[in-house]
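Several structures are given next for inspection.
Each of the next two complexes has chain A plus one other chain: chain B in the first, chain C in the second.
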Partner chain A sequence: MQPIKSIKDIPELDLFTGGSSVCAGCGPSMGLKLALKVLGPKTVIINSAGCMTLLPLFPNTPLKVSWIHNAIENAATTAAGARHGLDALGFKDMNVVVYAGDGATYDIGFASLSSTAIKNERVIYICYNNQSYGNTGFQCTTATPYGSETKTTPRGKENPIGNTNIHKDMLKLMGVHRVYCATASLAYPVDFLNKLNKAKERNGFSYIELLGTCATGWNFDPRYTIKISRLAVRCGMWPLYEIDDRKLSLNKEFKQLKPVDEYLQLQGRYKQLPPDGVTKLQSLVNEHWAQLNEFNAKRYV
Partner chain B sequence: MREEELIYKGIHGIPVILEPGNAARVDRSSWRLVRPVYNKDKCIMCKICYTYCPDSAITWTKEGPVINLTSCKGCMICVEECPTDAMSEEKEAS
Partner chain C sequence: MKHILITGNEAAAWGARLVEPQFIPTFPITPQTECIETLARWKVEGDLPGTDFERMESEHSVMSAAIGAAAVGARVFTATSSQGLMLMHEVLYIASGMRLPIVMANISRGLSAPVTLWSDHNDFLDQRDSGWIMFHAENNQEVLDMILQGYRVAEDPKVLLPVMVNMDGYVLSFTDEPVIIPSYEDVKQFMPAYDPQHTITPDRPVTVGPPVMDEYTDYKAQAHLASRNALTVLKDIQDDFEKIFGRRYHTVDEFMLDDAELVLITQGSMSTTAKAAILEMREEGVKVGLLRLRVIRPWPGEIICKALQNAKAIAVIDRNIAPGKGGIMLPEIVETLYHSNNRPLVSGFIVGLGGKPQTEARIKEITRKLADDLASGRPRIEWNDLEVS
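== the complex of A and B ==
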C-alpha cells in the first residue's frame, strides 16, 4: 500500500459517526476515528472496559464496524480467539484490532497481552494512553508520569510532587517480545496512520501506543487537545519512534527539545508541581531522549 | 413485531442494534457553550478541521467542510487548529 504523504491524502472513509457519549474533545475517540479510516469496514474491534466502552451505549452506536466488549484483563486473548475463529471460517482479510486503555494494557491486562505477543498472533493492539484510569475518575496507573496529580496520588504537605513513581517503559517491554511496536501522537496523524498501515500488512502481532490526551482528567480546555499532543512530542515527553525486530528508529528528530515547562503549564494536573519536581522531570526526559538518540538505527533491546 | 420492540426484545431475547452508526441522530447540541462558524472566503481546503474533529461533526464535501450542529459538542479544536481563521467561534444563545 502507498504510504500516506499528507493530511489531504487520508482516505475519506467515515466509519465513525458523532453523537457518542464521550467528553467533548476526547483524544482516544479521535484516535479510533482516524484508525478506522485506514482499517476499513472489514474490522473487528475488541475493547476492554474503559473510557471507550462508552461509545456503543445501547441502543445507540457510533460505529459501523463490529465491536466486542469484554473484561479488562483479557482483551488481547479475546483478540487471539477472534483471529483463530475468523481464520477457520475463511475470513482471512479481516483485521482484528484491540483498542484498550493504559490501565488495561500496562497493569491489569499485561499477562494476556504478553502471552498473545509472544505467540505472534496476527492482531493489531492499539493502546490509547491517557496516563490514568480515566473512566473511574483519574486514578494512578503505572503509565502515569512523574509529578502528575491523580486521585490516588494527591499533592499535600508531606508529598508535594504527586505521583513519585517513574512510569513503565512499555515500548521496551514489548520490544523484548520481538514484535513491531511504535508510539503515535494525534498531532501527527499521517505518521500514526502510516504505522497502522505497516502493522496491517504484517503477518504478526503489532503494538501501537497512542497518546490519548484527556481534557477532563488532565484538566485543560478541550480546544488544546492537539496543541498538547504536539507539545508532548516537541518537549520529549512523548517521543515518536518504532521498534521493528528489536531495532529502533526515531520518526521525529529535533536538534533542540523545547523545555518541559511549556507542556506542563497548559495542564491542571501539573499546576502546583514545585520547581525541583520540574527539574527532576526534565532530567528524566533528557535521559530518555539521549538513550533514544544513542540507539537510533541500532539494536535497542 | 414493531421496530422499537425488536431492539429491546431482540432475537431470542438478545437485544440488537438494527442500524450501525445510529448515534449520529442523537442530539448533543445541549452540551456546548460555543459553536463553530465556517467562513468560506478564508478556507484553503486543508482538511485539518475534518481530520481533527473527535465527534465526526464535520463532513467533507467538494465545496469544503459542513458542520453538523447536532453532533458538535463545542470542543473548539477546529477553531484552534484552523491555519487561516476560517473557523470562528460564536456564543450559543442560552
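== the complex of A and C ==
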C-alpha cells in the first residue's frame, strides 16, 4: 500500500454519512469517519458501550459498514470471536476493527484487550481516548490526565487539583504485548491514516490510540476540535509516536514544546487548576517527552 | 454408532464434536475442565478439523467471543460452570437478545460464598430469565442427546435462541456411564449443515445490537414468542430424533404417574435415585410417581398440568435456594397448577445444596412426609430436616 503523502491523497470514500446524533465538534466521530476512508467497506466495527454506541439508533444508522455493539468491557474479545467466525466462513479479507472509548479500554475492558493482543488476533483496535467516561456524562477514568476536573473528580476545598492520579501509560502497556501500537491526532490525519494502513497490513493485532477530543466534556467551543487536537501534540500532552516490534519512533519531533498552559486555557476542565497543579502537569509532560526522545529509534519496551 | 463408558463432561464434548462447531471459546472451571480438555486434546489429534479451539481470559470473554462468532454466522459451542456462568450473566442476555443460536453446557455447581465444588442448581436457575432455552439432563446419554437436540432447537428459524444444557457436577460430570455415541452420518441426517440466519458478509452491512426506543418491548415480545415456539419445535425434533436414533424423549419425563396420588417433582441426576426409591415404594403399595423437569425454559406449563391431573399431593424437590423465599421451582409449579382443574396439595423440600447426597432413604422420607401432609391437609416447606416455614 502506498503511503498517503498529503491531505489531498486521502480517499474521498465516505462510509459515515450524515444524520448521527453525536455532539457538535465530536472528535471520536470524526475519527471514525476518517478511519473508514482507509478501512473501506469490507469492515465490521466492534463497538464498546460509550458515546459512539448512539451512532446507530434503530432503525437508522449513519454507517455503511457492519457494526456490532456487544457490551462495554468485551469489544476486544467480541472482535476475536468475529475474526474467528469470519475466517471460518472464508471472509478473511474483512477488517475486524474495534472502536472503543478509553473507559472501555484502560479500565473495564483491559483484561479482554490484553488477552486479545497477546494472542495476536488479527484485529485493529482503535481507542478513541476522550479521557473520560463520556457517555455517562464525563467521569474520571484511568486515562484522565492529572489536573483534569471531571464529574467524579470535582475541584473543591479539600482537593483543588481534580484528578490527582497520573494516567496509565497505555502505549507502553500495549507495547509489551509486542504488537504494533501508535498514537494519533485528528489534526494529523495523514499520520493517522498511514498508521491505520500499516495496521491493516499486519497479520496480527494492532493498537491505535486516537485523541478523542471532546468539546462537551472538556468544555470548549466546538469549533476548536482540530485546534485543540493540534495543540495537544504541540504541547507534548499527546505526542505522536509508535512502537513497532518493541522499538519506538517519534512521528512528530519538535525542538521546543509549547507550554501546556496554552492547551489548558482553552478548556473548561482545566480552568480552575491552581498554578502548582499546572507546574506538576508540565513536569509530567516534560518527563514523558524526555523519555520518548531518549528512546526514539531504540528498543523501548 | 458405538457404546462406550464416558463421563458427563466427555458426553458434552462428544455432543459438540458430532455437530462440528466452527468455534469453541473456553475458560476452565471445576467441574467443567474435563470437557474443554477433551476438546483441546481432540483438536491437536486432528479430530476436530473444522473447529477453532480458543482459550479466553475469562468466561465473560468466552461468551463475548461466542457472540462475536455467532453474529457473523459461525456455529459455536462452549461449556462452563458456577462462578463462570455468573460472570457471563451480563452477556447471556445479549446473546439471547441478539437471537444467536449458541449452545453451551453448564456443569452445575453451588455458588460462593462459602466455596463449594459440588452441585446444586442455583448457578443456572439464576439465569432462568436470561432468555436462554434451558435443558437439564438426568444422565450422560441425555447430556449428549440434549446437545444435538439443542442445536436443532437453537438454529430453528422459528426459535433462534441460545440453549444451555445443564448437568449436575460430579454426579454426572465425573461419573462414567455407558453412552451410545451416534455416527456422524446419523447426526448429519438429524441435523443438516448449518444455514445461519444471521451473518455478516463483506457485501451486506448489518448493525447488530444498536440502541432502540419504543421497539424494545417488541424485541422482547418476539424473543418470548420464539421461546414459546420452541415447545412446538421441540416436539418435532423429538420425533425426528426417535426415528433416527431410536431413543425417545418427552418434554417432561413422567415416571409411574398414571395412578400416582403422591408425585415427586425433581430435576437432574437425583431423579434416577428417586425413580429407584419409587420402584421400591411401589412394591410396598405406595401410589407414588415422579415428574422430572427437563425443559426449564420455555416452561412447559400445560404439559405439566396434564401430567399432574390425577395427583393428590405433590412434593417439589428443589436443589436450590432463593434466600428469603424458598425453593425456586416451587412457586413455578404452584403458579402452573393454579390454572389447572386439579389443585393438589403442594409441599416444598429444599435438598442437596452444595452436593449433599440425595439417597433413596431421603426420597422415601420425603414421600412419607408428603403422605402425612395429604392426610393433615397442611403443606410444608422443609429444608433438609429443618422446618423453615
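Everything below uses one rule, namely that the second predicted complex is superposed on the first by the 301 of 301 C-alpha atoms of A that agree within 3 Å, B and C clash if a C-alpha of one lies under 4 Å from a C-alpha of the other, contacts with A are read in each partner's own complex, and residues count from 1 in each chain.
Going forward, contacts are C-beta pairs under 8 Å (C-beta built on N, C-alpha and C of every residue); 3 or more make two chains touch, one makes a residue touch a chain.
Keep in mind that what you see is a predicted model, and the values were worked out from it rather than measured.
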- Query: Touching A:296, do we find chain B (first), chain C (second), both, or neither?
  - Reply: neither
- Message: Looking at A:82 after the superposition, I want to know if it touches chain B, chain C, both of them or none. Which is it: first, second, both, neither?
- Response: second
- Thinking of the overlay built on chain A, is A:34 touched by chain B (first), by chain C (second), by both, or by neither? first
- Task: Give one of first, second, both or neither to describe whether A:224 is in contact with chain B, with chain C, with both, or with none.
- Result: first
- Message: I'd like to know which partner A:19 touches here: chain B for first, chain C for second, both or neither.
- Response: first
- Task: Could you look at A:61 and tell me whether it touches chain B, chain C, both or neither (first, second, both, neither)?
- Result: both
- Tell me which partner A:165 touches in the superposition: chain B (first), chain C (second), both or neither. neither
- Of the two partner chains, chain B (first) and chain C (second), which one does A:139 touch, if any: first, second, both, or neither? neither
- Query: Which chain A residues are contacted by chain C in one complex and by chain B in the other?
  - Reply: 56, 58-59, 61, 63-65
- Note on the structure: Touching chain A in the complex, chain B uses residues 7-8, 15, 17, 20-28, 31-32, 46-48, 51-57, 59-60, 68, 70-77, 79-81
- Task: Spell out the part of chain A that touches chain B in their complex, as residue ranges.
- Result: 7-8, 10, 12, 14-20, 22-27, 29-30, 33-34, 56, 58-65, 186, 189, 215, 221-227
- Item | Sites on chain A touched by chain C in the complex | 41-42, 44, 46, 53-54, 56-59, 61, 63-71, 73-74, 77-89, 91, 93-94, 111-112, 114-115
- Partner chain A, residues of chain C touching it in the complex: 22-23, 25, 50, 52, 54, 56-58, 60-61, 64-74, 76, 90-91, 94, 199-202, 205-213, 215
